[in-house]
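Paired with chain B in one complex and with chain C in the other, chain A is shared by the two complexes that follow.
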Partner chain A sequence: MTSGFKLASIASKFMPREKSMVKPRNAGMMLEVDDLVVSYGAIKALKGISFGIAKGEIVSFIGANGAGKSTLLNSIASIVEKSAGSVFFEGRNITHSKTNDIVKSGICLVPEGRRVFADLTVDENLDMGAYTIDDKKVIDARKEEMFSIFEILKARREQKAATLSGGEQQMLAIARALMSSPRLILLDEPGLGLAPLMVEAIFRIISDISKKNDVTILLVEQNAKMALKASTRAFVMESGNIVLEGSGDELLKSEKVRKAYLGE
Partner chain B sequence: MNFVLLILIYTCLFSFMALGQNVITGYGGMLSLCQAGFYAIGSYSVAILTTKFSFGFWPALLVGVAVAVVVGILIGLPTLRLKGDYLAIATLGLGEIIRNVINNWQSLTNGPMGIQRIPMLSFFGYRINPYLNKAGFLLMLVVILTICALLVLRLSKTRIGRALEAVREDELAALSAGINSTVYKVLAFSIGAALASIGGGFYSVLTLSISPGTYTFMMSVIVLCMVVLGGMGNVLGVFLGALIIQIISYLPELLNLTNLIPPQLKEMLFGIILVVMMIFRPEGILGRSKRHKFERGGV
Partner chain C sequence: MVANVICPVRIAALHAPCRQGFFGIMASFFQHFINGITLGGVYALVALGYTMVYGILKFINFAHGDILMWGSYVGLFTYNAIRGSAGPGAFSIFAFFVAMLVSCVFCALLGMSVERVAYKPLRKAERLAPLLSAIGVSYFLSNAAQLLFGTQSRKMDYPFDNSPISFLSVSITPHQLMVLAVSAASMAFLIFFINKTKTGKAIRATSLDQDAAALMGINPDRIISVTFAIGSVFAAIAGMLVSLDIKIYATMGMMLGMKAFVAAVVGGIGDIAGAVLGGIMLGLLETFGIAVLHIPVGYKDSIAFVVLILILIVKPSGILGKNIREKV
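Showing the complex of A and B:
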């Protein structure tokens, strides 16, 4: 990894660790989510979700529209307020941390729908992703690394993000997230609205960066087949609850999943 | 000639407010409607401190800016999480609250009677009489306005400008890039407040007599018109917009047609201008200034 990663890990050693009285069930994992509840007014979008993710895993959540997948990612990143429950990242309680502090601690969210800065060039979008880094050398090194992973972006460096194709924008969104050297990436529907070939390419890249860049990935996806193939572990969500859990292969073979989500 | 100078002086005073509005709306993307309120804070700070507490003009102006910034932060923190129209309504309310407080806080502000006999200001030991030396007053305003404009331009190219741009373009994406959107919104809001209060402070030493009737909601709307007309996010556009709106405001007087054209006509004209601009050139006369490559580091 680059020095950006080292800096971040050194910084985390000096940060105070908050101690919680209740030990979460998934203690010892990289990300520990315990009994997470999110309500929008009277409606409960998440009804007490608990799971853990170990370092290096690719974990996916699949489920229908409105199952609470995006809410899950947004609440982990504190974009949506949590009603109850706790989230620990690398042993640190981030339940009530602010989004910008969570990003600094090493989690990055790639929001749904390719939220790139349309009026900025590819280059500037990447700069924006490195907002938490101050060292220009680190940023340039990260950028070169991104251009080696996403070659197409290098050719489009000076172009406005709005002129990119959907797939390229998704790549840019992922590259922008990687700029801050996160150790955990939350990907919200990376395949949404993309051509099947592009979806495949995106998932190939996701697997690659997970291995090469030592990044743990938590993704939610409606394209269950692609997600399950790429994942080491997966959860099925239905109306705010986890209803099924297993390895990607297991779920691909599961009768219930095949019927409900793979359309077979 | 004196009249033309006076119009130019007012253009400068309004330009302070419009420059602030440009930071809030043009850079920060927030629809705020209370520049007149911050202008009033600047005016009254100068008026009260120089008449009742024998402050000099410049220290009084600094206090006025500080008060505006503090009010901006206190009001900004709870309201800036509102978006679009809702923020506009909340800030509209704030502007009215400031005016009503001034109207009713008799012991401090002398209520609707206003404050008279504000001492003239001196610029490096040189007293500027706004009645006899309009050119000098104007020159001083232009110098200070230029400094402020350069600072605003500089700001738009720093990390802060970049963060504001991100927040304006897409708040969710900015959040997930690790940008604390609240901090930058409140910052933009209070910079805008500070600029408006500077204009207000100079207004006090121009008229030497102020009353709460000046700082109406219409004033905030006119300021917004200037920014929309000139081009949001464009400092030069702000000045152009301010100048055009001021000329239109005084058109009957300039043409010596006051007995033909009723003064109410100008509000109608503003309305027409806004509608026509929105249809044919929503980005304003000059449009958003072309972004320069961001410079990293120093703020």
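Showing the complex of A and C:
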């Protein structure tokens, strides 16, 4: 492993590759992230992360507070500036696209802490989720679909989002993101601050959505057990690097993960 | 500041004979009420521009009053050009509203350009930077006007006969009626726009959480431009309304802008209903302050700032404002 890595880095030093000839390492995947670096001032939050996600997968990133999980999602969505590296979505380079253009290309981020529009009603929040859609009929059909997945939202339709409980707000945040029919959805700590039963409900919905709506899901979560159970593939992050990769089941069984993240 | 400036809407019955008895008192009350609410309508129109921009960018556009002044000049020139030598009447009224439209378009473009040139490059800078830039733009606009249009003030003639109409010894001028109608219609339009249209909802969403709005596919730059355009259009309308009563000159926007800013802060800056409430309150306080408390007319302008000081002591977030914690 180590020697291979060394060879590669030496090779890259002495043989600068032609830019046009470089194919991202994870070419052919739906989302290709290559050597992504993000710095906040002198602090490097992401130290060159590369991975790919295939269509239809549920991929989770687990890790401790400050490992760089949220930064990863925020930088893919261009909310946080990238210092280096590249991001390709369905073959298109979105590294330097603006957040609102990334949404139009089919990626939607459900940010940490939900960030629903507190002063807008549930209905208006969903309208905002459908901002990129112009056809009113399509919007209404999407809304009905959301109300069938999240029944509680229908009852709360005319209420301001601020009056919802934490779990309901999380549902609204997910429904709002789904309104634009994204093909890839990024979920930042969907279980944060919720009661265990609610966390389970949210994760059940996430699995359902990925199957029924044909949405690929990338999620980061501190609740490692929940995330690993729901995922087809997972990565473990530590201080800005990926340190472990495997299927959800493999990582659930891995000694290191059990000790460090499952508290066993 | 010159004291004569600031009676944007001339009070119809300031020199009305003393009234006595219960009926007289009631008549006086309604008289002052109408005068106050007319004046307040103008303050509210201007305050809306401050509050909407603050809602989205969290900074005070100190050039707002100067945009109003430019709108008044452009409106005046258009009005005079169309009207020619026609006397008060239907054609002059038509000319006035065409001029108002031209003034609105001009101000919308001016407001958006100011944002693009002076504020957008500073969006990620420290919060003080765009504020200073706004003060710079304010001086630039008023000095440019002085250079181009001269230092003498100009007068816009009434497009109609402005003799007061009396009803049960309460009198109202046609101009006051127009101010009430136009400002009420403008505010009704804004409330509809902000609550029912897609762009309106996007403005509200962007002012609540800009990042989350971008995550909905909303282009914050576009929303900011639209907000400046709307605020400037309201300034243009207010400018046209007051220009019939006060003189037009290069620094006319200064005191009017300051008072409208006070109105926005008193109502709760960032809150649209708050700006309307603050504006109308300020108009009423000024008229009743003179009529009931017998504050000398020369000190009229001080009322707004006394109110500002009081509200900053009692409820700094304004009447309808929420206490918002700074995001870390």
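Descriptive notes on the structure:
Going forward, the second predicted complex is superposed on the first by the 243 of 264 C-alpha atoms of A that agree within 3 Å, B and C clash if a C-alpha of one lies under 4 Å from a C-alpha of the other, contacts with A are read in each partner's own complex, and residues count from 1 in each chain.
In this section, contacts are C-beta pairs under 8 Å (C-beta built on N, C-alpha and C of every residue); 3 or more make two chains touch, one makes a residue touch a chain.
A quick note: this is a predicted structure, and the numbers were derived from the prediction, not measured.
If you put the two complexes together on chain A, you find that chain B and chain C bump into each other. Contacts of A:A195 after superposition on the shared chain: neither chain B nor chain C is touched. Of the two partner chains, both chain B and chain C are touched by A:I79. By the touch criterion stated above, A:D127 is placed in contact with chain B and with chain C alike. Once the two complexes are overlaid on the shared chain, A:R176 sits against chain B and chain C alike.
None of the stretches 22-30, 76-84 or 166-174 of chain C clash with chain B in the superposition except 76-84.
Comparing which residues of chain A touch chain B with which touch chain C, the overlap comprises 77, 79, 98-100, 103-104, 108-109, 111, 115-120, 124, 127-129, 131-132, 176-177, 180. The part of chain B that touches chain A in the complex is made up of residues 159, 162-163, 165-166, 169-170, 172-180, 294, 296-297.
For chain A in complex with chain B, the residues that touch the partner chain are 77, 79, 98-100, 103-104, 108-111, 115-120, 124, 127-129, 131-132, 134, 136, 139, 173, 176-177, 180.
Contacts from chain A toward chain C in the complex involve residues 77, 79, 98-100, 103-104, 108-109, 111, 115-120, 124, 127-129, 131-132, 176-177, 180. Within the complex formed with chain A, the chain C residues making contact are 198, 201-202, 204-205, 208-209, 211-220.
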